[in-house]
Structures are given as C-alpha cells and as structure tokens.
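Pasting in a structure now, in structure tokens, and then I'll have a few things to ask.
Chain lettering (A, B, C, D, E and F) follows the sequence in which the chains are written, and residue indices restart at 1 in each chain.
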Amino acid sequence: MHPEGSVLVEFGNTRVLCTASVTEGVPRWRKGSGLGWLTAEYAMLPRATTTRSDRESVKGKIGGRTHEISRLIGRSLRACIDLKALGENSIVLDCDVLQADGGTRTAAITGAYVALHDAVQWLAGQRKLAGKPADVLHRSVSAVSVGIIGGEPRLDLCYEEDVVADVDMNVVCTGAGDFVEVQGTGEQSVFARAELDALVDLAATGCAELAALQQKAIAG
Amino acid sequence: MHPEGSVLVEFGNTRVLCTASVTEGVPRWRKGSGLGWLTAEYAMLPRATTTRSDRESVKGKIGGRTHEISRLIGRSLRACIDLKALGENSIVLDCDVLQADGGTRTAAITGAYVALHDAVQWLAGQRKLAGKPADVLHRSVSAVSVGIIGGEPRLDLCYEEDVVADVDMNVVCTGAGDFVEVQGTGEQSVFARAELDALVDLAATGCAELAALQQKAIAG
Amino acid sequence: MHPEGSVLVEFGNTRVLCTASVTEGVPRWRKGSGLGWLTAEYAMLPRATTTRSDRESVKGKIGGRTHEISRLIGRSLRACIDLKALGENSIVLDCDVLQADGGTRTAAITGAYVALHDAVQWLAGQRKLAGKPADVLHRSVSAVSVGIIGGEPRLDLCYEEDVVADVDMNVVCTGAGDFVEVQGTGEQSVFARAELDALVDLAATGCAELAALQQKAIAG
Amino acid sequence: MHPEGSVLVEFGNTRVLCTASVTEGVPRWRKGSGLGWLTAEYAMLPRATTTRSDRESVKGKIGGRTHEISRLIGRSLRACIDLKALGENSIVLDCDVLQADGGTRTAAITGAYVALHDAVQWLAGQRKLAGKPADVLHRSVSAVSVGIIGGEPRLDLCYEEDVVADVDMNVVCTGAGDFVEVQGTGEQSVFARAELDALVDLAATGCAELAALQQKAIAG
Amino acid sequence: MHPEGSVLVEFGNTRVLCTASVTEGVPRWRKGSGLGWLTAEYAMLPRATTTRSDRESVKGKIGGRTHEISRLIGRSLRACIDLKALGENSIVLDCDVLQADGGTRTAAITGAYVALHDAVQWLAGQRKLAGKPADVLHRSVSAVSVGIIGGEPRLDLCYEEDVVADVDMNVVCTGAGDFVEVQGTGEQSVFARAELDALVDLAATGCAELAALQQKAIAG
Amino acid sequence: MHPEGSVLVEFGNTRVLCTASVTEGVPRWRKGSGLGWLTAEYAMLPRATTTRSDRESVKGKIGGRTHEISRLIGRSLRACIDLKALGENSIVLDCDVLQADGGTRTAAITGAYVALHDAVQWLAGQRKLAGKPADVLHRSVSAVSVGIIGGEPRLDLCYEEDVVADVDMNVVCTGAGDFVEVQGTGEQSVFARAELDALVDLAATGCAELAALQQKAIAG
C-alpha cells in the first residue's frame, strides 16, 4: 500500500520483502553538499528459519551478521546510483526476510534494485530529482550466491546445500557484466585459483539472467 | 514453509503475519512444574506505516508501545489455553505487522488464535500434549477495536479514523461471548457511562462475527 | 524541599511519592506551537516489594510493565490539562513507589493530580501560564483498582488480594464522573457483561470518594 | 513495612532511605566458600535535586558518579562485617536519595550501617548466621564530608557550600576511630599538608559524634 | 609479559598488537564435543587514526565495521587449525590497532597467525593438546590488501591510497598458495574480469612473501 | 605518528600509552564561554592482565572501575590547566593500558601530564592558545600508589603486592608539593592516623621524584 517502491522477491523458497522509503533532505552533516544519501537495512523475521531465532530488538543489539549484510546491500546499491543527480533526497532500502532458504543477501540486493528503480521513478514523477532519472540510476545490479559442493561449482545454493558447501561466494554484478562485489569464503575448505575462476564465471552468467528478469519486472 | 502454525490476517488494509513456534520443554525456572509456557511478540516492519519508522533493533531498545501490545497479546492467548493440558511445551506467537492501517493489535490477537490452534493440532499429531487437544485450547478469542467518532460508536477504525477518534477501545472476547480484556482510553475526550455501554455492545457483536470466521478458517 | 508540587500518597500500605517538575519551554520539535507538554515516569524502589527486585538502571533497560504504567499515568493526567492554556511549559510527573501493596498505579494517578495542581498554581504565581489556572486544569482525575475475588466485586485490592483476583480492573474517572480509562483484564478467568457492569459501578463510586479527598487536600 | 532493616537518614536537608535486603545463599561463583556477600547500590530520585535530573533507567546506563558512590558504600560496609561469620547469606544495601542537599554519600554510609545492623539482628533471630552477631558485625562505620571554604575547614557541607569549596573530602571512620576511607579532592584548588591534617582531624571528630548517634539509634 | 603468544606487527606505518589467550575448556554448549574453539576480536585505539574516533565501549555498542573485521579474522584463522586436534581448549585472538595507516585487517590476520602458532607451541609444552602440534596448525595464513589506483593494480595500500582506490580487495591465502578469503569491493567504481584477475595474481604473490616472513619469525 | 602528544609510560612492568588529542572548539553547551575543555578516558586492553578480561565494548557498557579512574585522571589534569588561557579548545587524554602490573592509574596520570604538555606546546606553535603556554599549564602533576604491606609502608606496589596490601592509597601531587587528590582505602584492614601520615609522607617523596623525571622528559 504505502511505499514508494516495494517488491516481494522469491528465490526458491527464500522470500524477501524489499521496500524503498524516500525522505526529502539528507542527514544534517551532509546538508548543502548537493548530494543524496542511500542506506540499507536487512533483517530476518524470527520465524523465517526452520528454528525460531530471537529478535534482535529483544536482545537489544544487532548481530555482526546482520550489520555485515546491511552494509553489503548498501554498498551494492550505491554502486548504481549517482548521488549528485539524486539531489538532496534520502532513500532507505529495507530488506526483510519473511522466509529463508539460502541466498537471502543476494535475493535482497536483486530485489532492492527493483524497489530502488520504482522509488527513483516516483521521485521523477514528483519532480524532486536534481538530474534525469536515467542519470540517477545509471546501472543495474543483481547478485547470486555460488558454491562448491562435492567438488562441483553450483549456482543458487539453498540452505541445505549452503551448509555443506566447501566454498561459498556471493557476487554482485552490473547489468553490463562488471563486478561490484566478489566475496568468497572457504571456511570448510580452501580453494585453488582454478576453482575461483570457475565460480566467478558461473556467477557472472547467473547475474546476467537475473538482470534480464529485472528489466522485465521494471518494464511490466 | 516452516512454522507449525502460520496465518496472514487482513483487516481492511492492515496485514499481520502471525506464526506459532513450538519448542519442547519450558524455561529452566519452570521445569518439573508440568505446566507449559506461552508468550507473544509483536513488531512492525519499518515501512508498515505511511512514514518509515526506525527499527527497534537499530535503536537498541523496544518502545513502550511494542512492549504493551506484546503483553496484551500474550495475556489474551493465555486466557484460552490450559497450560497443564499443554504439558511442558513452549509456544511463541510472533505477530509481525507487514502493513498497518489501524487495528493492528486486535488483528494480531484474532490471527494468533488461529495460528495457536494449528500449533496445538500439530503437537497433538506429534503426540506431545499432556491432555486432549480440546482441553488444551478450551476457548477461542477474537478482538476488535471500536471508537467514538463525531459522537457515533464505530467498529474497526482504520488509521485515519483512529487519529480523530474521541475514545478508542480494544476488546477481547471469547467465542462464548465473555470478556478477556476491555481497554478503553479517552485521551482526546472523556466518555460517559452510556457511551461505555454502547462501545462494549458494539465490540461484543464484532467479536462474535470474527469468532465465526475463525471457526471457518480452522475448519477449512 | 525542592519540587513545585510534591505529594506522598498512602493507600493502605502502598506509598507513592508524586512530584511535579516544571521547566520553561518545550521539546525542540514542539517549539512555536504554543502548546505545553506533560509526561510521567513511574518507578519502584528496589525494596518497595516483599522480595527485592533488581534496579532497572542496573539492568540497563526499563521493563514492559514500567513503560505501560508510565504511559497510563501520562495519558490520564493529560486528560485534565489544557496544553494550550498551559503555554510552552513542560511538566514532568515523577511517581516513585517507596512501598508497594497493590494499587500502585492508581495511587500514582490520584497523587499526581494533586502534585500537578500545585505545579499549576506555582506557574500561575510566577505568571508563566498562557491562560487562567482554572482553564489550564479544567478537570480533576482520580483512579482506583477493583477486582472480583471469589465471585465478589471488591474495591482497592491489596497485594495479596490482587494475586488471587479472577478479574482486575483499573479505572480512571474525572471529578464529574466521566471515564478517562477503563482497563479490565481477566487473565485468571474471563468475565461476563454483568460482572463488567458491577465493577465499573463500584469503581465510579470509589473515584468519587477520592475526588472529594483530593479537593480537601488542595484546599488545605 | 517489608525490609529486614530500613532507616531514613536526615543530615540537614539531605534525606536518604537505606534498606538492607537479605537472601539466603550467595552468587554461584561463591558457593561452597563458606563466605557471605555484601553489595550496595546508590541512586537518586530524579527530583531529589533542585533541577530534575534524568532517570538512569531511562537513559539505559548508570553514570560514573553513581557507580563510584555505590562502590564506595559497598567497600565501607564490607570493612565492618566478617563474611565468614555471616555465612553463605547475601545482603544488598539500597541507598536511595529522596532529597539531596550535600553529603549524600556520607549520609548513605552512616545510615546503611544502622540498616545492616538490623539485618544482622534479623538473621540472628532466624538462626541463619554462621557465627555470633557480635563477630559478624565487629565494627561500626560512620562517614562525614568536610571541606575548605574561604580558607576555613568546615564539617558537613550543604549543597551550596559544596559547590564553592576549594577542597572536598569524604572520610569514613570506624567507631574505634580508625580510618576506612579518606578521599580528598582539590579540583578548585590544591591543598597543603597542613590543610590535609586539619581536614582529617575535623572529620575524625565528626565521625565520632555520628558513631554515638548510631549506637543510640540501635539501642532505641 | 603475560600472553601465551604476542606479536607486534608493523606494515608501513600500521601497527597492530596481536595476542593469543588460551583457556582450558570450551563454551558450555560445546562441552563433550572433543572440539576446541577459536574466536577473534579486533579493535582500534581511539587515537590510532589521524582524527580521534570515539571509543566503542563509551558508545555502548560495537560498530558494523568492527564486527565484520572480527568475523573475518576469526574465519581466516579457523581455516588453519584443526579443532579436533586442538582438543577442548579455547583460544581468543585479540588484534588491537595502535596506529592505523591502511591494511589493518590484513596486518591483523598475518600477525594473528604468528601469535596463534606461539599459543599452540605453548599448549604443546603444557601437554594440553589432543593431537600433535603439526596436526593442530596444519596450514599457515597470511593476508594482503590490493587495489586499483588510477587504473594500476597496487599492493599494500596505505591510508591515503586506500581512500582514492577505485577497487579495494582483501585476500587471505594459505602458505601453499590456496585461497581462504577473497573480498573485492568497487564502491568508487566497478571492475572488469581482467582487473579481478590482475588483483588476485598480485595478492597471491604478496601473500607468498609474507608467508616466508612468518616462517622466519616463527623460526627465530 | 599522529597525536599532538603521545607518551608510553613504563612503571615496572606496567605500560600505559597516553595520548592527547586536540580539537578546535568546545562542546555546544560551552560555546561562547571563552573556556576550554579537558576530559580523559582510561581503558585496558583485554590481555593487559594475566588473565584475559572481556572487552567493555563487547559487554556494551563501561564498568564502574573504568569510569572511576577516567574521572580521577580528568580531575587531576584539570587541576594543572587554566581553561581560560587554553581558550575554546578541547583536549582528550586517552590512557590505554597495554600491560598491567599495579599502579596503572597513577602511571596514567603521570604520563598524561607529559602528553598534555606536548599538546599545549603544539597548540602554542599553531597560535591557537588564548593565553601564554606557561599560563595555560601553570602546574605539573604526578601520581604514585603507596600501601601498607605486613605493617610496612611501601611505594609503587606491583600487582602481587597490591593484592595483599592492607591499605592502598593513590596520591596526586603538584610539582610544588601540594596535594590534588588523596584516596586511601582500607578494604582488607583499617588504618590509624599514624599510618595515614606515614603513607602521605612516602607518597609526597615519590611524587617529587617523578616530577623531576617529567621535567627531564619534557626538556629532552
């Protein structure tokens, strides 16, 4: 009903509600700079996972994992926006995981791009942008998670695969096929250069497919 | 996908996701008592309202309003369960408001009852109850908000009505028509005995209608 | 010694120290509105109860019950003050329970009214009110707790009665006999319409008696 | 009504409520040691001072000054108790300042001793001490604040004197005239050896007078 | 003086104190598993940077960046230890930045490996390991930061370079040349596949040089 | 590298890093007063002690002991500075204990004076002082800890002596031999007037020796 842009992303059984909220003006320390501001917040409903987890609001502090994912989403989306063309407007992207089955952070980035696109259109309709909409959002971003399971590179791990993966990598690409973020971790096992290359290739292909779906969603 | 009982309630534009999570066992201080345990947690997504509100997890503490509503939901649902027949099981009812347009706390109670019913059935299927399902959940509860607007008693205030109401009352009734909670507040204005009576009558009728809908939802 | 208005209320063994503190000016977001501001804070000394409870300052957060009662006291007292006639002054009502034996929240409201009356007089003496004192404080409020014990409606439950009560109700009335708040809870048991009526009648009578005592206290 | 020992101390306009709470047993890490446990907590009601101060429970953390005074009171009272003779019992001394006009920490120590004495008597009556009462509480303690104002040593500074004092010293003595704590601070000004000696002499005399009053209070 | 392993790492002007602390036993939920436990904590002294930053202990919460780096260090070091061979011992690696000039997280990982090596030797000397020292620490890890500045890949960015880098990448490698973590971020700019490859090559060479220095430090 | 003044103090095995950070301007409530501002913060690295202690940033609050010592250092250093001659500049003194073996607070004060001296010289060089450097820092301060062990007064207790001391006293003196702070505590035991005098004499001698060393450090 309310938000300027709101998208429910489904990746397998993973469901993330991505909404963009716009406020005129920017935080005080940024006033007069002519630049806009964009942040993201990621959270999980307590029963998004198989076993209920405690609410971070009840525990009174946000866990390291939540912080880290919020920062990743924010960086990724800032990579596709021109804050000068946005003008002194603030956008908050909220990504709330309703149901989690692997790949929540990459689903969140992919959905948040669509919500951000709608918010920029809404701002354009209100004549509040400093530049043209196409200059404000000059790139698209999409993201996938890939991993190595039993020696095989795999795209879009669900939760059960994620747990047994030897290597786990999150990749954020632009619609033009460039990289915004590459985060590969081998806690269960280390990985060789050839494996790194195979994962990056697989991720780039996955991101390209998502970019096509995003264009469809925006056009529709 | 995951929860033992999960219900998405819609009251006008208000949407609340109510889920019940079951754990075997009870908090340590209650062990060996033979009694079960039931709590509720209420929360709003930041963009459930017209203007984005800050996350309580980010602020690091839960506001008074959130606490108060969580406590109300917990009391109301404990009124319909026999903790002895439940046996040493714990149930948490999470009520997350996805979209808010008035009456979120009463929608939450009404939906939580259905989620609780499913959870008790699930426990029965697992043969984990100490008593019979009908003894465990020996009553139903439903809730409505009523108010006086321009001198007229009104059922189910939406947000815009709520703001201008002279008197605002939340009523929780059992399926048999008895009262569990009556909370009437006249911050804008005080109210006379006759108005109190009219509001209570109106609320009782509304709760009875919801009780019928709950039975249908459970049967279906 | 210090406060603009300070009252020690005794209801049976319950003792609550109610003080009103006045500051010129209002919170920043309210400046220039011409309206005053009134809030209340309720707290219990750790040894007010039979068993020592931990300090909320030591635990680092305020419990849900404390929040809820502070909000109730604030709403009740705002019902009797005209914030426009008060002008841009802020009043904080502190209600600190020195000894608790049931009915602390209703004792707090009843005493806070007297402290508020003194504070308004003090402001009048300082010529700081925007309107006349009688317009500023255009109503009185008093409060009682009532309950049903063994099937009988009872006024002013002490702690031991409170624990065994089937139904527990807090009622705030104006001096003219109208209602400001009605909060009835049946956690031990539900209650029928006739019982609700009996409790409300009993509470209204109790509030009227307290209103008379408040007038005496103010006059004296 | 409730506490095992409870004393309202008045030093000039300063009023401190000191209560002792006894629990059987000690914190887990101390179990089986045969030793008791004694702690103290100091707090000020928000309107104890001329200008209302914010509640530490509302701010969510305890200030440095409160911590420091709580620790001082705890140390001073532990100096007069034999934790082995106390046996595995825990005593909490709560010192809540109702009205503050200088010297609150020394009033708190002096009053807490009397509350502690009563609590030890109560434990003796319950036959819960490991040793004899006289061995448990083998010393008394009392405390005064002294200062130099305009070059003159002064006993028992009230708030207005405290603010202008060049040197401020808190001294805790035993009934036998030995020292438990000497805390002298010259923020406004430094002090010479002769001034230190004069302050210590004056404080020792003041403590002796209080020790006599404590004996009377206990005897009465 | 005290720690089981303690190393002061200097990378250019960056100085990080890495210490390993050993405790017998593991957290309660891990008892009886036969597995050890290893965590890391990263922090910066307030004046490590050019402009003093506020202490996280004073602010009352740890920032997202600190959390993220602590987690990265922990994952990297767990990649080189066999928790089964470690036995039920806990190791905490503290990395405190005394002076910061870019690359603090990679310096911390590289130094923490040496501190961890000393701690494992110390445990071996105390005969507290479940397996042989060489099995406990079956790999070494070292880390570098690389980036693209003005189109050129660069190793070991200092703070001023870091700020202007288009792309920033942290890479953790084993002594055998495999990858543990690859984290590349293009907040200022995106990066093509060829640039990714060049950065990874450069990082692998840098890590190999550090691995040789670590061997020297351990041998010496 | 960075700070305006930075000193590593070594007292026996105790090592404290004292740095002074200067900012132009003062906190908002002090603006326009013409007065400067000086505060101090004390902290211990987790592994400064024999047994690792938890980080206060991780625990989310600062302990009472840390607060108390920070306040003591701040008061002591404010005693030697003329805030009017300093002008509207703010100085923060950070005292971080890298290794602790008794006497950390007195080492911190003694080192902080030297760091403060350097910061004042730096401000003079920048022509930012309101008065002459010699008027700004019109006194020096140094501090020692003394105690009674086995009946004997002792200077500079190391950790093992500190633990067994009957009486423990921290004394802060000016270079001219006057007293700024005298804090004596007899938790293990009380002390007689003669013992107090002996400790004060010993401390004054120790402070004088340190004052000479400070002069050398500043001159060098």
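Observations
Here, a residue touches a chain if its C-beta (ideal position, glycine included) is under 8 Å from a C-beta of that chain, and two chains touch if they have at least 3 such contacts.
A quick map from chain label to UniProt name: A, B, C, D, E, F = Ribonuclease PH.
Treat the numbers as computed from the prediction; the structure is a model and nothing was measured.
Chains that count as touching both chain B (Ribonuclease PH) and chain D (Ribonuclease PH), per the definition above, are C. Between chain C (Ribonuclease PH) and chain F (Ribonuclease PH), the least number of touching-chain steps is 2. In this assembly, the chain whose C-alpha centre lies farthest from chain C (Ribonuclease PH) is E.
Comparing the residue numbers each copy contributes, chain C (Ribonuclease PH) and chain D (Ribonuclease PH) share more than half of them at their mutual interface. Computed from the mean C-alpha positions, the centre of chain E (Ribonuclease PH) lies at a distance of 34 Å from the centre of chain F (Ribonuclease PH).
Each chain gets one centre point, the mean of its Cα atoms, and the points for chain B (Ribonuclease PH) and chain C (Ribonuclease PH) are 27 Å apart.
The centroid of the Cα atoms in chain B (Ribonuclease PH) and the matching centroid in chain E (Ribonuclease PH) are 49 Å apart. Shown for chain C (Ribonuclease PH) are the residues that touch two or more other chains, namely 60-61.
The touch graph of these protein chains is a ring, one cycle where each chain has exactly two neighbours.
The ring sequence of chains is given as B, C, D, F, E, A, with chain B (Ribonuclease PH) as the starting point and chain C (Ribonuclease PH) next. Remark: chain B (Ribonuclease PH) residues 1-3, 6, 13, 17, 19, 21, 23, 41, 43, 45-50, 52, 55-58, 60-62, 66, 92, 94, 96, 98-99, 101 touch chain A (Ribonuclease PH) in the complex. Interface residues of chain B (Ribonuclease PH), counted against chain C (Ribonuclease PH) in their complex, comprise 61, 63-65, 67-68, 70-71, 75, 78-79, 139, 169, 174, 178-187, 190-193, 196, 200, 204.
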